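Here it is, the structure, as structure tokens.
Labels run A, B, C and D following the written order; every chain starts at residue 1.
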Amino acid sequence: MIVVMEQGSTEEQLQQVIDKLVSLDFTIHRSTGVIHTVLGGVGPREVDPEEFLVMPGVRECHRVVAPYKLASRPFRAEGTVVRFGDVEVGGTAVTLMAGPCCVESELQIRESAGIAAQAGARFLRASAFKPRTSPYSFQGLGEQGLRLLRAAADEHKLLVVSEISDHTQIATMEKYVDLLQVGARSMQNFTLLRELGRASRPVLLKRGLAATVEELLMSAEYILSGGNYNVILCERGIRSFASATRETMDIAAVPAVKKLSHLPILADPSHGTGRRDKVAPMARAAVAAGADGLLIEVHPDPDHALSDGPQSLYAGQLMELVGQLRLIAQAIGRTL
Amino acid sequence: MIVVMEQGSTEEQLQQVIDKLVSLDFTIHRSTGVIHTVLGGVGPREVDPEEFLVMPGVRECHRVVAPYKLASRPFRAEGTVVRFGDVEVGGTAVTLMAGPCCVESELQIRESAGIAAQAGARFLRASAFKPRTSPYSFQGLGEQGLRLLRAAADEHKLLVVSEISDHTQIATMEKYVDLLQVGARSMQNFTLLRELGRASRPVLLKRGLAATVEELLMSAEYILSGGNYNVILCERGIRSFASATRETMDIAAVPAVKKLSHLPILADPSHGTGRRDKVAPMARAAVAAGADGLLIEVHPDPDHALSDGPQSLYAGQLMELVGQLRLIAQAIGRTL
Amino acid sequence: MIVVMEQGSTEEQLQQVIDKLVSLDFTIHRSTGVIHTVLGGVGPREVDPEEFLVMPGVRECHRVVAPYKLASRPFRAEGTVVRFGDVEVGGTAVTLMAGPCCVESELQIRESAGIAAQAGARFLRASAFKPRTSPYSFQGLGEQGLRLLRAAADEHKLLVVSEISDHTQIATMEKYVDLLQVGARSMQNFTLLRELGRASRPVLLKRGLAATVEELLMSAEYILSGGNYNVILCERGIRSFASATRETMDIAAVPAVKKLSHLPILADPSHGTGRRDKVAPMARAAVAAGADGLLIEVHPDPDHALSDGPQSLYAGQLMELVGQLRLIAQAIGRTL
Amino acid sequence: MIVVMEQGSTEEQLQQVIDKLVSLDFTIHRSTGVIHTVLGGVGPREVDPEEFLVMPGVRECHRVVAPYKLASRPFRAEGTVVRFGDVEVGGTAVTLMAGPCCVESELQIRESAGIAAQAGARFLRASAFKPRTSPYSFQGLGEQGLRLLRAAADEHKLLVVSEISDHTQIATMEKYVDLLQVGARSMQNFTLLRELGRASRPVLLKRGLAATVEELLMSAEYILSGGNYNVILCERGIRSFASATRETMDIAAVPAVKKLSHLPILADPSHGTGRRDKVAPMARAAVAAGADGLLIEVHPDPDHALSDGPQSLYAGQLMELVGQLRLIAQAIGRTL
């Protein structure tokens, strides 16, 4: 914790800050400059900088240490590789996860699995419990959907990733799913995160639309601190004023996470853009920037999809994209 | 649904759009201008504009009707007043809800209730189940906190508002709480919203940090469509690049909600700014802009609060603020 | 300048940072904590924190002193009052500046001046050189417009504020205008700012749509450092994802500027919202939050205005609003 | 122009809208649905949707046609290639423009030119007139800088791109510079844009930090409408709440511009990120997403650069990056 006093602040005000730091068990280092006095405090626990910012005579206050520990790069400097049998996320290979937004029917998910497998995906993605902005939209098939999803994936030797929207679904999900996806809107559902810390499956944690990279890592910390160290992050777009795509993909978050954390990070250009014609450019951009994998929506018949049709690729588009991604991965010393 | 074709789009492309509208049971109106052909479709259900935006030859697509119905102003043009005995939210009076961030101890909450009552608040606010960004922060006293909260409120004839963070808490909360608060991070926890549609208590729904006004109203629609018509909204700041306060309070959302919806709307200047010295100006601004009430943090000893101390007012500051608010309310024909 | 070293950074990396600070003539204070080493440097000039952030072993770097000096509150702790004869901006009175977007004709500006005067405005506002987003829009009447503007203002003993969009207009503008307005899009037109530092008239500097409060103060610093100390700031909305109004008015910038700087600050709810029905609520909010004045568009016939008609008030609306503003000003110990 | 009436709006309100459309010479098409009445108007000129939004009984208003014409894709469907002798921008080849932020000395710019040429750049970039946020920062060498820049570029057969910050610099700049760069802060300096419409050199127009893609194209329209059809656009980051990099690069703007406009678009990962370690990932991302070229800062001695040192690559880093970019360009059928 570093506290910078105002020019012209009084010795009494300074003493109040020192008293507060002492009461929090901080060791204090004082630097008196020509203009400003700076206090550096090293302490045993997290304190909100605003605790000091509201004190009289204080100009600025900075937190020195990031509030996440287990998610920080130094905790595992070599980087985390999440393993699913012989499939790795976070290693040299770029991992493709593909499939429709939702499980709609046995035929649809089986065809989707076929497309995903043919394109080289290692995971089949689809939701059975689907959080929707409108209460009047299709909400998913529930456990029956998970069953169809698992069967379709098994047929093509694919792993399964699917969204969990509430902690009461964990036991059911674990029966069918290899990777539990936490959606952007649930990134700060702390009850869910805490329970996932005790889950037996790895977790795919998507960045919230208003979340900073630091907040994403704090949410990961919830899961890690519960004992589940297999967490994969995912960039899927943030809210900004820019309106050419549904969200603004913050591609720079990929190298930023790589520097701050040891956890793998994927990108989801389907939700990040909301429009089919932007998915391929942004998928290429994410891999070029260093993403460890992609989550892409593909549908055997996007024009009749029950949800997210406009952002789902046609099978042929996915094949063409994967060809390009393979070359881009090679350009930076990776495989796909 | 209005679809505008590209300049130079073909008759075949136009026919595809018409076919799609027909397949969705839309009645179609066609306008052929010098440059653009425009199709207007009136249909029985919600369709995502992006369904059409990705079709060849389509330039623009606009949804004509807002996707919320029960939350929209025409549904109850005279406005909703939520009643708690003789206390009203959404009527002529501006309603004050005050209290500490969390219940910390019997003494602390009793003192807080005394301050709130003295300041003219009708509700005592405090959390017993506290969602925190960091897993290492104080998380609340749970049901014991609710018990203390209820007792302290009763002593001063105050109503109780407290945050619910998971649907499994509903039954417990309903025993102690008059108004169930959904925090900004839970605004799109659809499992929770759906269950609150069946709750016996009114709901205070806070706007998410990345939520548009339309999305806020869609989340309200979840609760209303479950049969619980007593919903109160709350503006508490959005994420923007501006860094002078923790969030950016979108004060203009107050008159915007008033125009689009019949539901009452409060403002929370404590969370919206994160700093004590900005709370009073923003509280005054919100009332001046037409807010139906305020949610304000006050603490008997902010310097030793277990959470949110820096944004909690001192008792004396609240008294002074209420004096100003009373005059501002009068200036626009309201009371406080 | 405060530099925080990474956990596990080497002594050699630390030495490189020290060498760099020394080469920049900084005096260094070192604090070695259990986890992090922190260096505090006090130096003679501004250095970009990113200079250190890119060095190996550096975790964080914070600039201690704001890069503006003349615009900072300690430079003139009592606050600046800009005087125009007996009219003051920044004193106890809240100053109203009203008028149409553009001078369109002699009749229109004379009628506007009458409305402004009747409403209690001290300044007549209107543009003669109008920057427009589209090259095909009406661009203003030029010097002839200024002449009409001056005459209309004089008739009602009003002062004149008008927008300057290029430094070559200064000499012409100074003949007719009491207060030179720099629009949001010109806030970082540094050539213009520098020349205004030598102008004989006070300057009204509007915040850019993407500018932080610090950047606004840096732009003010350009003018102040040229010797023109009569600078008035203005909040007029920033860009965010929120779409209920054209821009998002950052009302909290008003108290933020008051704390950081001695310069007066106005608000412009007409440009800040873009819609007539939001102007009154946001005008009231700005005054309630402590703004020193308002810039409001009013037009004798908004439905036929050549620009900004939708955000211009009708005369009657302005009268009603001023009545409310007067009471709100009183509520916080000011006059209008 | 499409106007949607409120549910429950009156026939009289509808007639007022029709009257206004007629007064603006619009041809009207009326569609009466079960819930809403929709008016489509095709007219001879641009009208602001807010003109209708403020009318009683109006729910929504959408502008059908984008307000730019010459910059729109249909105007030149095959795409614009800007030619500089045998160098093309907007063709199959991805064009590299590299160099330091500013011309500092003859030695520095000559060394920079050598690095740029060796890396395969076709343009040497550097500023001689440098707009700076702080009045106390280095502001450039002026015409002497341009002379040094030209000589250094000629030595290595490079073209020159340099920033223009005011219209009075045009004649001087044209003597030395092949491509006139308009910086992000000047994107809406309409006086400058209009004069550049008459300039004899192509223009590189950077997107402003708060500008939508539509506003960028409107600014291009200013230049095109003056007769200068050689305009190249550039994405360099927008303002958002995300703080991991200085700005948020909106990589999706690249394919968005490609769809809406015929003009070439570059990306500037140096200004877009502000940090050296993020430049290479974002440069790769931009090329992968389809950018027609890159503007990259490189400096012979970044640690002692007079400006932007932290975002300037070392020579070796640029060479390594270009090797990767070449492979990525090939992956999507382009060269570099």
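Operating definition for what follows: a contact is a pair of C-beta atoms (placed from the backbone, for glycine too) under 8 Å apart; a residue touches a chain by one contact, two chains touch by 3 or more.
In this text, all values refer to a predicted model and were calculated from it rather than measured experimentally.
*Asks:* Suppose chain centres are the mean of their C-alpha atoms. Which chain sits farthest from subunit C?
*Replies:* That would be chain A.
*Asks:* Would you mind pulling out the distance in Å between where the CA atoms of subunit C average out and where those of subunit D do?
*Replies:* Chain centres of subunit C and subunit D, defined by C-alpha means, are spaced 26 Å apart.
*Asks:* List the centre-to-centre spacing of subunit A and subunit C in whole Å, with centres computed as mean CA coordinates.
*Replies:* It comes to 38 Å between the two C-alpha centres.
*Asks:* Between subunit B and subunit C, tell me the centre distance in angstrom, where each centre is the average of that chain's C-alpha atoms.
*Replies:* The separation of the two C-alpha centroids amounts to 30 Å.
*Asks:* For subunit B, what residues touch not just one other chain but two or more?
*Replies:* 210, 238-241, 277, in rising order.
*Asks:* With chains as vertices joined when they touch, what's the shape: line, ring, star, complete or other?
*Replies:* Shape = complete; every chain linked to every other.
*Asks:* Can you tell me which positions in subunit A touch subunit B when the two form their complex?
*Replies:* Its residues touching subunit B are 20, 45-46, 48, 50-51, 53-54, 67-68, 131-137, 165-168, 185-186, 188-191, 194, 208-210, 215, 218-219, 221-222, 225, 238-239, 246, 274-277, 303, 309-311.
*Asks:* If we count contacts the way the header does, which residues on subunit A are in touch with subunit C in the complex?
*Replies:* Residue list for subunit A touching subunit C: 2, 4, 6-8, 27, 29, 31, 33-36, 38, 40, 42, 60, 62, 64-65, 74, 77, 239-241.
*Asks:* Going by the contact rule set out above, which residues of subunit A touch subunit D in the complex?
*Replies:* Within the complex, subunit A contacts subunit D at residues 210, 212-213, 238-245, 248-256, 259, 272-273, 277-278, 281-282, 284-290, 324, 327-328, 330-332.
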